[in-house]
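For reference, the structures are reproduced in the following blocks.
You will see subunit A twice below: alongside subunit B first, and alongside subunit C after that.
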Partner chain A sequence: MTAAAEAGQEVAAALATRRLARLRHLDLFGLVITLTTLVFAVVWAFPLYWGLVTTFKPEYEVVRPGVQLWPEHFTLEAYVHVLMRTKIGIWYLNSLITSGAVTAIVVTMAVGAGYAISQLKFPGRRLFWWTILASFMIPIPSLTVPHFILMSQFHWINTLPGVIAPQLIAPGALSVIIYKQFFDSVPKDFREAAVIDGASEFQLLFRIYLPMNWGITTALVIITFIGAWNLFLWPFVAVNTEDKMNITVGITQVHDAFGVSYARDLAVAMLAALPVAIVYLAFQRRVTQAIMLSAGIKG
Partner chain B sequence: MIVKSRRNEIVVAYALMTPFIIVYGVIFVWPSIKMFELSFTDAPLIGQGAWVGFKNFWRLQSDRLFSTAIWNTIYFVLLSVVPSTLIGLAVALGVNRLRGRLQGVVLAAFFLPYILPVSVVYRIWSWMFDKDFGVAQYAITPFTGGQHVSVFRTLPLFMPAVAFVTIWWLLGFNVLLFIAGLRNISSEIYEAAALDGASRWTQFRRITWPLIWPVTALVLTIQLILQLKIFDQVYLFANNVRTDATMVMVQYILKQAFQMNKGGLAAAASVVLFLVIVVASVLQFQLLRARGER
Partner chain C sequence: MPHVELRRVTKRYGSVTAVSDLSLSVEKGSFTALLGPSGCGKSTLLRMIAGLEEITVGDCFINGVDVTDAPPAKRRIAMVFQSYALYPHMTVRQNIAFSLSVAGAPRKTQSERALEVARILQLEPFLDRRPAELSGGQRQRVAIGRALVRKPEVFLFDEPLSNLDAKLRVQMRLELAKLHADLGTTMIYVTHDQTEAMTLADMIVVLDKGRISQVGSPLELYNAPANKFVASFIGSPSMNFIDVRIASVNGQTASVVLPGGRETMVRVGAEGAPGDSTELGVRPEHLTVVDPQDPTASFNGAVTIVERLGNSTLLYVDTPAGQLIVEGKGNLDVKSGEPVGLKVMESQVHLFGPTGSVL
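Take a look at the complex of A and B:
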């Protein structure tokens, strides 16, 4: 009896040590993975850091061999030069105006269309819905030529409205779809109760449906703004004078104007990245939510 | 009364739809029709042209530059789509193990490049790869016997380098989708598998991979459609040197339209791009779905 119990205890102890050994083994494996991930993350972030830190170095330090992780002589010369001697102010303003306008127009038209398609019955509803879905099939770059023709008929080439208009399709379609999905999932009880109280459709939209989905509106505003700020192809095609350029197009001009100066080139780039970086860091969770919504994952 | 409210509903609906209808009619529907119509004419960029049937398409078919553009685009897609998906999954598996603040910081390190404008990405990487002073040369010289390499001026290196930069730029998007997918897999399945003594590799093969497959298919499809439209990076890194050798499809369209003033031919190339994307996405979606149902 006691011998059997002892033997049992021994087996249990042996099992316990083995499990412990295995656990330790697993942890070691996990640790390796975690460390690899961390190293990889540092490697991934390094080019960003390197680009940023280069802008604070004087030109002779920039071209010095070796990896110097912090400037010996910290200077803002590159930024001062860029701000005083290039048209970056105008490019910034153009980017702000066009991205702001694209965002405002997209969200306004998407709220209305999303609500109508989601909640109202009217002839043509299905046709519009299919048109929106179809717009995902046509690659926007292949519309560049007809867009250019259209904008020149409007005499909008080389103007800000000409930069804005063709950008409205892609984020517009996406926003309508997302609004429709979210308006669809608002419980019908709210609607019925409000209708009995005599609320009009506009009141329903602005008092119930929109306020219940402020988070979505914020997400769409952020993602549309970032997308418009970052767009390269169309602003590049639609504009041919420096005064009307967006920052993303404009910064590819500085190089040509001042010869090779890495600190200055990168300073301009960092300034161009600043607004989107700030928006991302300030609204990290909204941005990730918006990105997942855009991929069709309701998060 | 009911009739009146029904009419009212239609009026309200159209009032709400009006901005959308105008914008879409003018900026999407009309240009789409125009693209198809133009592709059958010999019109210049601005102005009228005569109907020429399928002549533009025959010309594209025999144009060496157009086949270069198609091959370069396909080559770029091969170099970027599958690697960025696999690396994205690997990184997501690693990041998903982390918790709390650390996870947020690590995720941000991978995601931050994604929100940058392409011109900024271009500036950062031309500096990284710079022939004389770029730090990436320290990673290159051991393979070349101390020779510095002008990466974007060396034709065989051009597309791989642009694909590499593109993966660096866009990886965060894939990581984000994969993490969302991984979070949806219940931890109970893993616990049960661990109790049964399944190894990590078996757990990955039998649980993670099949359950994450719908996300993988989604990421692959999104990346494929996106990368077929490649233009910005290729244009910027080529820096107006030897553009014909590194030409991609969108670039061909722009060249025919804005340099050669051939609106009809450019529109025909646009139609081809449209068809390629439709066929590729439908095919890929069907293939991936079939694999997922196996």
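Take a look at the complex of A and C:
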């Protein structure tokens, strides 16, 4: 072999060694990152796991000192109690009605309001827009007392309309802002072409603007529904009988004469979270999109 | 009676005047191009005819009917946008039939009309596709189809070919010309491309800063520009302008002194007077390359750049009158740096006064 060929082989070997070292380095780095992520995931998910596992334990196992990662005696007693001896069916129904109503009303109003602010010219449009933006500065829990007084004056305390009405504000404002921004981004030519074709404002909204933004609508529906379903404070304040409670409030009612039963409390909490978890898993891309949209607005 | 008429139309946006006291008549069945540089008001004018912009002052008539305050849908017009404005969530069939659908036409009618238009524009294989699945030329045809289905009295085109590549532009130009020939409908076409205007239009309206510079047929504008703006805008390469002095005027002929001292004869109107400083306009193809010693040469100069285009040659020549562009047929035997004489074709020159108007 000539000297030049030998030198060439040496260089090639050195390069290969360096490449391997770089790959190993990357693998190691990736491994560390993966392990760290795993640790965080376990820390984050553990309470959920613990809660779930607790629901399958008898109460004496729950209160026993020590950590038991798996039930010694697997039981469905907590679920049976919750399903048979509480009004969870009514709570679910109330949650469904109120969350569904909030979602339907919010999205319907937001579509119209967002379109009007974006595309129509009317006196007070700018003032209306600034009012909606300004409403973000008010923390919703601070309005609990005024809302209570108002619902009381309407005689809506302990009624489903009384639960629904104040929930329209925060998601409503956010949805208007999101729709307005997306309608603004629709090129003007589409509107003008449709106007020349004879489309009315309603036809423009329902046949052009809304269909071009179905993704946003789906995302907003999901996130509004999840938000309304998970809400506790206002439904807790606004109702005082079990038959008007929604599921998040109903959790507080699962107790007996002997005090707190952790397994049963957690069982009702799991059942409360189940529909939302299913919705999230089925539409997680849309939920993420909606969260990013609202984070962009609020940020 | 003109088919489309604008009477003393002005458009203001606050303190900015986009179109100023403009009157225009468009004959029925004509293909009229609104030509001008960006910002001259041509699109604004088109949009006022369409009803998409409110006319600040003045009136607009279509087929004798005052449509100044009429909404766009009631003007019997159809418009093809620069961006095509095809609804991305609808199929080609739905896009074409949209105006019929909005008007509440039966589905059968919508389908039949869409199919009829698709046949005319060779869009049948694409009826169930969405715009994103079409090429630029196909989208252009769908946009035309959507306009066609309305059976309008006037077609309005807002720079419809500007998004296409050069080859497709030529092809679509031919298709538009054919469409106009087949339908005979009045078409008003906005463009900044003089080639499109010259090849498609019966009549060109040249606009400058919101006012009409000249209205005429393509050849009228080319051969007899009314002012320096039209002369420089029409023609590629553009006209050469040379500062000259009128030596004497005899009836409708003036003798002008060229830079370098030689004289040439030019036809003039009544405005020219001896001693006046004016500009002489001569198109590149109306300058002939001659021997530098030729006594009939108007200028002597040196060639700086030679551009050989195959069917013609462009020469950039430095002369006492500045750099002049000369266009010769075929392949001229001239090299860069070579001294040449340039002879002006006296019957083809134009004299422009201080205001830019032709003398």
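The working rule: the second predicted complex is superposed on the first by the 246 of 299 C-alpha atoms of A that agree within 3 Å, B and C clash if a C-alpha of one lies under 4 Å from a C-alpha of the other, contacts with A are read in each partner's own complex, and residues count from 1 in each chain.
Note that a residue touches a chain if its C-beta (ideal position, glycine included) is under 8 Å from a C-beta of that chain, and two chains touch if they have at least 3 such contacts.
A quick note: this is a predicted structure, and the numbers were derived from the prediction, not measured.
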{"item": "Partner chain in contact with A:83 - subunit B first, subunit C second, else both or neither", "value": "neither"}
{"item": "First, second, both or neither for A:189, with subunit B first and subunit C second", "value": "second"}
{"item": "Contacts of A:53 with subunit B and subunit C, given as first, second, both or neither", "value": "neither"}
{"item": "Touching partner for A:97 - first (subunit B), second (subunit C), both, neither", "value": "neither"}
{"item": "Which of subunit B and subunit C A:176 touches, first, second, both or neither", "value": "first"}
{"item": "Partner chain(s) touched by A:199 [first = subunit B, second = subunit C, both, neither]", "value": "second"}
{"item": "Subunit A: partner with more touched residues, subunit B or subunit C", "value": "B"}
{"item": "Subunit B versus subunit C as contact partner of A:269, first or second or both or neither", "value": "first"}
{"item": "Subunit B versus subunit C as contact partner of A:212, first or second or both or neither", "value": "second"}
{"item": "Residues on subunit A lying within both footprints (that of subunit B and that of subunit C)", "value": "200"}
{"item": "Touching residues on subunit A, where the partner in the complex is subunit B", "value": "26, 29-30, 33-34, 36-38, 40-42, 44-45, 47-48, 50-51, 54, 62-63, 65, 67, 105, 108-110, 112-113, 115-117, 120-123, 125, 128, 131-132, 135, 137-150, 152, 165-166, 168-169, 172, 176, 200-202, 205, 226, 229-230, 232-233, 237, 247-249, 251-252, 262, 265-266, 268-270, 272-273, 276-277, 279-281, 284, 287-288, 291-292, 295-297, 299"}
{"item": "Sites on subunit B touched by subunit A in the complex", "value": "9-10, 12-21, 23-24, 26-32, 34-35, 38, 45-46, 91, 93-95, 97-98, 104-106, 108-113, 115-120, 122-128, 130, 132-133, 135, 138, 168, 171, 173, 176-177, 180, 200, 218, 222, 225, 228-229, 231-232, 236, 250, 253-254, 257-258, 263, 266-267, 270-271, 273-274, 277-278"}
{"item": "Of all residues in subunit C, those that touch subunit A in their complex", "value": "50-52, 71-73, 77-79, 81-85, 87-89, 98-99, 102-103, 146, 150"}
{"item": "List of subunit A residues in touch with subunit C within their complex", "value": "187, 189-190, 192-200, 203, 207-208, 211-212, 214"}
